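Got a structure for you, questions after.
Labels for the chains are A, B, C and D, by order of writing; each one numbers its residues from 1.
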Amino acid sequence: MRAAVAGASGYAGGELLRLLLGHPRFEIGALTAGSSAGSKLGEHQPHLPALADRVVEETSPAALAGHDVVFLALPHGQSAAVAAELGEGTLVVDCGADFRLESAADWADFYGGEHAGTWPYGLPELPGQRARLRAARRIAVPGCYPTAATLALFPAFASGLAEPDVVVVAASGTSGAGRAPKPHLLGSEVMGSVAAYGVGGVHRHTPEITQNLSGVAGRPVRVSFTPTLAPMSRGILATCTAPAVPGLTAAALREAYETAVKDEPFLRLLPPGAWPATAMTVGANTAVLQVALDERAGRIVAVIAIDNLTKGTAGGAIQSANLALGLPEELGLPLNGVAP
Amino acid sequence: MRAAVAGASGYAGGELLRLLLGHPRFEIGALTAGSSAGSKLGEHQPHLPALADRVVEETSPAALAGHDVVFLALPHGQSAAVAAELGEGTLVVDCGADFRLESAADWADFYGGEHAGTWPYGLPELPGQRARLRAARRIAVPGCYPTAATLALFPAFASGLAEPDVVVVAASGTSGAGRAPKPHLLGSEVMGSVAAYGVGGVHRHTPEITQNLSGVAGRPVRVSFTPTLAPMSRGILATCTAPAVPGLTAAALREAYETAVKDEPFLRLLPPGAWPATAMTVGANTAVLQVALDERAGRIVAVIAIDNLTKGTAGGAIQSANLALGLPEELGLPLNGVAP
Amino acid sequence: MRAAVAGASGYAGGELLRLLLGHPRFEIGALTAGSSAGSKLGEHQPHLPALADRVVEETSPAALAGHDVVFLALPHGQSAAVAAELGEGTLVVDCGADFRLESAADWADFYGGEHAGTWPYGLPELPGQRARLRAARRIAVPGCYPTAATLALFPAFASGLAEPDVVVVAASGTSGAGRAPKPHLLGSEVMGSVAAYGVGGVHRHTPEITQNLSGVAGRPVRVSFTPTLAPMSRGILATCTAPAVPGLTAAALREAYETAVKDEPFLRLLPPGAWPATAMTVGANTAVLQVALDERAGRIVAVIAIDNLTKGTAGGAIQSANLALGLPEELGLPLNGVAP
Amino acid sequence: MRAAVAGASGYAGGELLRLLLGHPRFEIGALTAGSSAGSKLGEHQPHLPALADRVVEETSPAALAGHDVVFLALPHGQSAAVAAELGEGTLVVDCGADFRLESAADWADFYGGEHAGTWPYGLPELPGQRARLRAARRIAVPGCYPTAATLALFPAFASGLAEPDVVVVAASGTSGAGRAPKPHLLGSEVMGSVAAYGVGGVHRHTPEITQNLSGVAGRPVRVSFTPTLAPMSRGILATCTAPAVPGLTAAALREAYETAVKDEPFLRLLPPGAWPATAMTVGANTAVLQVALDERAGRIVAVIAIDNLTKGTAGGAIQSANLALGLPEELGLPLNGVAP
């Protein structure tokens, strides 16, 4: 099958290409981008010598036509126009935000402008979602923080063990902020520093986390979400807490999580006593979880580590594409990471 | 005045010495340590050439006698015996945990063994605490995380704006874990990785945060505290949230924080729109704060950055010592940090 | 084919396992170690969930018997005894130093004790070496620095363009120093710091670089080698210079390098104007090179980036093992890295 | 005395301000900049709360007039025009390159355009230079790499122990590349990576190193200089080698270095067996050195660590300004660094 990548010179695009190079069923077709069109991919992704001499084309429907699957890693607001030109014969997997939210009001509040619509949400681990993705021709890949927070807490909400008053504090590597050079993303600024941003519920991933957890809980869930920027290139560590229902025991909580991850190829619940670190997931599509019951505070505390570019973006995209294309879900996706 | 430092070869000891070297009223007397006794300080603190040829003595009452102030930066459980040998004529400032907790039950639960007692708590910014410290001859320096969490939330609780259901998630640099070599603290392990530890309310700083906030609130406060280890040597960024009381407005919240920091020499509330980063505080005794009201989630979110070794340990120790010795509180303490 | 790894709980062992998991012809047999015998591999290599429940055995000839290939990642001095018990039917690939040096005098000078002997040197890119490795049953994997320095300069010496007065200065990630906890390897020490060590030609890799380049040049080459420790987990960047022969032109130098890398699967000479960075090689078996002629200084300057654990240790080991086992040299080895 | 800083929003400007805030004899006057004129300094230097509310003015002769000393931290080519408007009554200390080189031909080769001239070179440690600086009204602050390389090797050349064929390889933190956002300086690119740049003698600091060492040696010295970018914000570690003269002994080399640093307030030769790390110098004006004789290679190897922003720029500037203003050379300059 032929796969195209739009946005090939960015970080999400580069990760898509790295994974596609290791995928046994995909041949890499068109590589497109905006301002870097006309240059060689090697200038932008020097870690991918296999594609160093490929020329980046201008992103356009013509360039993306004729592929079995097109992965879009474009700035917000550009995916709808591109997808409209690609027929239903092409699977379109959008790593951007345009089609993630169900609520037009949320879209207006957090992104502004007109809501483009809602596509099947590319998180196979969500209860019931795998079947939907098998039939999908358009997929909205989740945001990186929502992937982390949802995977950390869905077992608690799906089993009715948590009250709907969630607090999520997450640390992300800088690649999540993209490749456009901005002063606060300079190495001199980020090294040796953890920084807050988007505090007070204003980060755009907030309504997406709320949507996911409310869907699982079957009732509205309130979410306080605070992202922070950590001095590393890759990885998200999210600490996710919710009040425990009365009478919850640590054993029952553990059992709910064990059940939830049992058949999931990319969810790994650590043995008791071990705790997630982002280093466990670098370059892997694996999410590493642990959960505890804090009896004094009356809270469930779930901690999760993912690679924001792999499970959090490109790996998640390919996992869903595998499903939609009738391939084994795990195909071509690394389970093991690169450490130390 | 002559100051001695016990534990001079560790990170807290090194920071005490760095600050004492820049303090106009202290002369550095005895430097003592355990296993590194007999070696030159330059082997342990090569960033302090001014003391490179000083020989480290064995920690003992004899070595520490005859000083106006003795700073203890010793492993837990060692301070009581040392302090007992130093008369009331000597100000003893303990950077360890032994005398921080008021509750013997908390001590037993979190540290084990017998409770040594309670000394005046070295956080001058706590309402009413400054006066107590001016009269103190023994001071228990707060833990680094409790310093951060308490300074972030005391304005909300002191003004009755927060409900007593706190969630704190904090990222710390590795120096907070000390200098004893352990596998998980190796550079290869910590670089490029944020890691969870002490999840579920089991970290020893939890009862101390609870004690402080409950004291300010005048009623029991529940605290869910999760520390994480970030890939940096210094700094703590703590995200601290609590439910807002009904009807709270962003303006009232801001005003409460502005009032709380107004006369505090080392608390800096950032202008609206700016958010704390640990890089703003490296080597400084300054705590940088910001606060937001998340109306959707109904929560106050306060974020604070401190240098765990300066305001979080050694700087806080000297700030309290200044008070107890009748010196200006700010004397010798850097307000400005080293960045980038 | 069945492969065993001795030293499975260390960094080199972990990288061998990561690569073997992705190799289509190897099945992973025994995993052995010293002090961590009896524990599960997941405790030591949490990034390898595929092997998390495998139990680590004690390193012994019995545990390692019955494999097609045994990879040794043991402390210096232990390989000889283990290899002696494994018959010629087993390919033994030693990642340690014991069998790298040809000169017993060099061994005595730099390592001390008795010289164990010399095995075929596992650097297929060395002129003539590939054929020797195809026939080998014992292979000495090069040191990480010698891999870098030799690959950077062999094109110049093989083509007679350089005078034998080499200066190599290299920066290495901390994983090269191993996993045993030592104070100077703590994250608090290495983050934010580049440090010198082994200055003045005393590093044990010095005679190995000298041996390699002298062999290529066909005459004695003098080597001044200085390693430094950089704040990253993986990677070596080596700057390697030698005086240019009189009359050398930049074009002739470039041509010699292009010729040298032309048929090499894992050597990549960057296009003119681009320079190596270790980030280009993380997790890949690729060496990235560039070369310049400094006419004012009369020197060739070759710069190379490798991943010390992949091409510099485990990848190089598997590359040579592929040759000795009659497999395609590139089989199972990643060409593309993980970035950013 | 009143000091103005032009370029106050950049990294060099921020470090000048940090040091001036701690200097007992300077009052901070005008703060000027280019595109950030009109904003508050706190937006650019949030680590300096003491100046947070100061407004940045547009750089102009009028704004800079009326100060005892003006520090220029401007892009290349802008200093001459500004300095021309400031009379001899004002000491002008230029942290840029415009007035460092003696040779107009070197300027044309490495910078292009017309040579602005030559000012007294602000490296007091150079033999004979201290006296010149005491009489100066215009000072050209050395580049950061030339500061490191010159301080590392001047003892060898001044005492006739080295042959004039120098190789310098240096690793710098990213702050040396300035604050203008460029893709290769993004945190995502620089963390976890050491990168080469300016290879082959093309870096603009090459002729400056050559000029300094040739001046000390009294004959032309050839210099091969390779800079690299390391994943840290601050610091330079330079490995500097030159052939030893015949018959040189390690003892004679050590003695030459001990003599050279004996009366220098900011040069620290480590005891035998210890080696420089940039962490020893963060925020300090101290240069930490060590030297070895590599008898096999016939080379002197000197290694030096400095903070590129302190001794390498702002601290060096103030050190020279102290001399020119008749103040004690060490006044207000930190000898001790911030570590870990």
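Operating definition for what follows: a residue touches a chain if its C-beta (ideal position, glycine included) is under 8 Å from a C-beta of that chain, and two chains touch if they have at least 3 such contacts.
Just so it is clear, the model here is predicted, and its values are computed rather than measured.
Considering every other chain in turn, the ones in contact with both chain B and chain C prove to be A, D. Of all chains, the one whose Cα centroid sits at the greatest distance from that of chain D is A. By count of C-beta pairs in contact, C-D exceeds the other of the chain pairs A-D and C-D. Centre to centre, using the average C-alpha position, chain C and chain D are separated by 37 Å.
Between chain A and chain D the centroid-to-centroid distance comes to 45 Å (mean Cα coordinates, whole Å). In chain D, the residues that touch at least two other chains are 11, 175, 188-189, 191-192, 231-234, 277, 279, 282, 340.
Residues of chain B that touch chain C in their complex: 11, 173-175, 177, 179, 181-183, 185-192, 231-233. Of all residues in chain C, those touching chain D in their complex are 167, 169, 171, 186, 188-189, 191-197, 199-202, 206, 222-226, 228-235, 237, 239, 241, 275-279, 282, 290, 292-299, 301, 303, 305, 340.
Only residues 11, 14, 18, 21-22, 42-43, 45-50, 52, 175, 191-192, 233-234, 268, 270-271, 274, 277, 279-284, 286, 288, 334-340 of chain C touch chain A when the two sit together in their complex.
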